[in-house]
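Given below, in the form of structure tokens, are the structures.
Heads up, the next two complexes both have subunit A, just with different partners, subunit B and then subunit C.
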Partner chain A sequence: MSAQLLQSLLSGLTVGAIYALVALGFAIIYNASRVINFAQGEFVMIGGMAAAVFVDAGLPLPLSVVAAVGLGMAVGLLLEKLAVEPARGAPVVTLIIITIGASILLRGLAALVWGKKIRPLPAFSGDAPIVIGGTAGGATLLPQTLWVLGTTLAAVAALWWFFNRTLSGKAMLAVSHNRLAAQLVGISVRRVLLVSFGLSAALGALAGVLIAPISFAAWDVGVMLGLKGFAAAMLGGIGSGPGAVAGGLALGLIEALGAGYLSSAYKDVFAFVVLLAALVFLPNGFAGRGAAERV
Partner chain B sequence: MAAAPLALPNNYTYEVAILVGLNAIVCVGLNLLIGYAGQISLGHAGFFGLGAYGSAILAARYGWPPAISLPAAVAGVAVIAWLVGRPILRLRGHYLAMATLGLGIIVSQVLATEDRITGGPDGMAVPAFLVSGEKAWYWIIATLLVLTVWLAQNLIDSPRGRALRALHGAETAAAAVGIDAARHKLAAFVLSAALAALAGALTAHYAGFITPSRASFLHSIELVTMVVFGGMASTFGAVVGAAVLTTLPQLLAGFKDYELVTLGALMMLTMIFMPRGLVPTLEKALDAARRRPR
Partner chain C sequence: MAFRSLWAIAALVFACAAAAQPEPIRIGAFLSVTGPAAFLGDPEQKTLELYVEKVNAAGGVLGRKLQLYAYDSAGDAEKARAYVKRLIDQDKVDALVGGSTTGETMAAVPLAEAAGLPFISLAGAVVIVEPVKKWVFKTPHTDRMACEKIFTDMKRRGATRVALISGAGGFDRSMRAECLKVAGSAGVQIVADESYGAGDSDMTAQLAKIKATPGVQAVLNAGFGQGPAIVTRNYRQLAIGAPLYQSHGVASKQFVKLAGDSAEGVRLPAAALLVADTLPDADAQKKVVASYKREYEARFKQEVSTFGGHAYDGLMIVLDAMRRAGTTDKARVRDAIEATRGYVGTGGVVNMSAQDHMGLDLTAFRMLEVRGGDWQLVDFRN
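And now, the complex of A and B:
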């Protein structure tokens, strides 16, 4: 394997892992509420920005990370309580506009409170690159990449455990399958909705904290990251957890390989071209199944 | 609308009125697609941008007179919309939203990257149209808007319009009673794309300048927000939505820092308290007031 290919694959997996976390957030909220939360990217922005601001304020890095994820989660819970719950039962387009409004509001608040300058966040364990694949001309790996991949793996494992082994997780799955039936057996749909927003926001903020040392944090990074996460979720088949992870990784790899071998200027385009092709030929995503319409 | 010039004291207010008219033309078209046919598009700024750049490039690089480049660009966009609409409109709901969003992003990235033709992210200068001056432009845009609204209203009350509404209700049921769903959806898509392209080309020639940001995702979102804010499935709602959301940022221009926060909060509050949009909610309230026994 050539060094360039290895390098592209590594950076593709890293970005792909971030997309996967964002896509999981989309999937969790979609399953609980059938809402596409366009503010998902802003949770990523909040995670990265908050961590950078806390570190600047003198907090130790691990504490800043935890506080940033906590803040992201709090914003997610507030969003559900103040904006999504009052609009329950509204048409899908209306809900989409509400979450888009929320994303514009959050972006504006971030610019107002934290300023518009780009903020760096120190890498979790140094910047010394690790050379792999031969001494001369080998690919290099930043320690942060290992943090991204490791944490994503841990988060996916934790989610699997949560949804398959705990009562709250199973209740959420039940709601996603049949809301009315879930309500009839005594599951509080309102609580499931609240938990889904908290969980998705925490995942988004975690993604933001992980990627900030590699790509910096700024008030406006949420838009593209959110759209890519949405694209990943759709590629995998919306609402499917494994699909979201596969979609995220696939999107990251397509982007990195396209940028490395075809044209770096069109990096953001490849993902969407492949996505369009996938939508036309596999209209329900990798993991989706065809749904019959009830008349 | 003919009386509006009396209330417009200076060139700046004319300019805002022209921008309102241009956005309203896009929104009336988009409303046919979203409000009546029930098909969401998050990429209409892409068609707006293609129309704008199409006419600008034909006029600036190839020396076509704008009176020819403009209709040529609109026709070109209609053909493109027809070609991409055929496969894409088979998708439904969120998948359609994603596909149109992807299309819009591809268009805006291509416009920003092919800088030898489009001038790149900094934009390009566009030759002036036949007329100049705010007043002349106002009359052109106002006439086109009236024509667009007239066209939309007639379309909605025609058999084709009823077919579109049937699609919105239940596509399978509409197909079962013999409505060619794919054909009607495609027609609404192509018409809305052509209107967006028309407004785009007019904007380019009016402003004399165009940047890829006009084709961006955020502009697509602005357009959809105008339609939903004003009220879906209401042609006048689309016009009102365009008017309010075009004027508001102008009024907030003095509070640049608070613009995003205000816009975001406004979008959320309207949708939470008036999920059906401004005009249908007001109509309903008026109706209820009229029926109340005195």
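And now, the complex of A and C:
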């Protein structure tokens, strides 16, 4: 394998893992409420910005990371409590528009409170690149890449355990399958909705913290990451966990290989062309079950 | 009766006083103080206010006080047009300084030309002064000059096969186009031309492609914002041996902070203002940049930017022209601006002519190298 190919693959996997985390956030909220949460990208921004601000304020890095994820989660819970829950009787489209409004609000607040400066976050374990492929012509990866991949893997495993082995997780799955039946057996749909926002906000913030040492944190990074995460979720089949992960990784690889071998000017174009093709030819994504509309 | 005559005398005295006070010189400004280009307009506005105040405290120009009419065009060409109309028709200004962005400037150009009003733009693009417009001048250096400066330095180090990597923003694309245009005449060959999107988080794929391109002797990143810092980090990660050049778009301490150790050895062209403290005392610009920096920072408690410096130069060139013309007559002031020679400003030494309404040459840029987390001048003056 040539060094360039290996390098492109590594780059694609790193970015893809971040897209996967964002896509998982989309999937969790979609399952609980059929709402596409367009504020998902802002959770990523909040995670990265908060961690950078905390480190600047003198907090140790591990504590800053935990606090940033906690803050992201708190914002997610507040968003659900203050904006989504009061409108729970409203049609799904209304809720989606509420999340768009929330994303604009969050972005504005971040620019106001934290400023428009781009902020760096130190890498979790140094910047010395690791050479793989042996020879001097080999590819290199940063220790942070391993953190991104490892943490994403751990997060996916934890989610699998949560949804398949715990009562709360199963309750959330039940709501996603049939809301009315879940309610009839005594599951609190309101609580499920709250947990889903908290969980996906935490995932988004985690993605933001992981990527910040590689790409920096700024008040406006959420828009593009949110959009790419949404594309990944659609590619994998909206609402599917494994699909979100596969979609994220596929999107990252397509972008990196396209930029490396075809033309870097059309890097974003490849991603969205693939998304359009998927919507036309594979409307339910890789993992789509075929959402049959019952009449 | 006695009272009435007293009033009459008082009125007469006041009338005389008013007549003795000459009309102020009106300076019109339209700047992007808010909006996406606020980082340009904000220091420009502050600079104009500060120096109008200072000039007035020193007695004004031609024995007349200055009065500043400044409007916030918020980066919007349509607003800029409306405000310039107002400055011309209502405020009846004697000269125009402003237009933080190229879009705002170009919207004002037809109005200034039609009204016959001396206009000094603070925006970057070459189109403002090329082709030459009778009433329009500009103070900032252009990205074409940055390209030429960088290519000159590359050739000095023996690099003629150059790879280009640029972002998707307006600044990035304009600089890329200018660099491609002047590469041939500067004697370098562009062997790779990569780009990355706004908000991209990883550029190793593009850089790996550059690394795999045979014979690359130097790499130039035309970019603005966080992109160049990511490129710099990825560049070190891939251990590419060729020297890396950045553009004047990231000539700030912020870039060094973001890129960290990876920035070591990176070269970039920058205005003298950024290295005011490191300039040798013999440098022609040392005095003006050091005093501007000191006065601005003392007043506003924030770091100077080259953008505020452009406004300083614009105002000073107009006032200097008025002094030499001995009048504020618009046609004569215009001629005097065009005759500006050897004006030492924050942006460089300005020598205007009928063919050149910017008047800067490559000495306006200093080549810097990041060493030990700080700037070092590596200039051989050309």
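In this text, the second predicted complex is superposed on the first by the 293 of 295 C-alpha atoms of A that agree within 3 Å, B and C clash if a C-alpha of one lies under 4 Å from a C-alpha of the other, contacts with A are read in each partner's own complex, and residues count from 1 in each chain.
Methods note: a contact is a pair of C-beta atoms (placed from the backbone, for glycine too) under 8 Å apart; a residue touches a chain by one contact, two chains touch by 3 or more.
None of these values were measured; they are calculated from a predicted model.
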Touched partner set for A:Pro120, first subunit B, second subunit C, both or neither: second
Subunit B versus subunit C as contact partner of A:Val223, first or second or both or neither: both
Touching partner for A:Ala265 - first (subunit B), second (subunit C), both, neither: both
Partner chain in contact with A:Leu275 - subunit B first, subunit C second, else both or neither: first
First (subunit B), second (subunit C), both or neither touched by A:Val15: second
Touching partner for A:Pro91 - first (subunit B), second (subunit C), both, neither: first
Partner chain(s) touched by A:Ile214 [first = subunit B, second = subunit C, both, neither]: second
Touching partner for A:Ala139 - first (subunit B), second (subunit C), both, neither: second
Touching partner for A:Leu105 - first (subunit B), second (subunit C), both, neither: first
Intersection of subunit A interface sets (partners subunit B, subunit C): 223, 265, 268
Touching residues on subunit A, where the partner in the complex is subunit C: 2-4, 7-8, 10-12, 14-15, 18, 117-118, 120, 127, 129, 139-142, 211, 214-216, 218, 220-221, 223-225, 255-257, 259-261, 264-265, 267-268
Parts of subunit B lying in touch with subunit A, wherever the complex brings them together: 34, 40, 87-88, 90-91, 93-95, 97-99, 101-103, 105-106, 109-110, 113, 170-173, 176, 217-218, 221, 224-225, 228-229, 232, 257-268, 271-272, 275
Residue ranges of subunit C touching subunit A (in the complex, touch as defined): 165, 194-202, 204-206, 208-209, 211-212, 225-226, 229-230, 233, 236-239, 254, 257-258, 260-262
Touching residues on subunit A, where the partner in the complex is subunit B: 30, 36, 83, 86-87, 90-98, 100-109, 111-112, 223, 227, 230-231, 234, 238, 265-266, 268-269, 272-273, 275-276, 279-280, 283-284, 293, 295
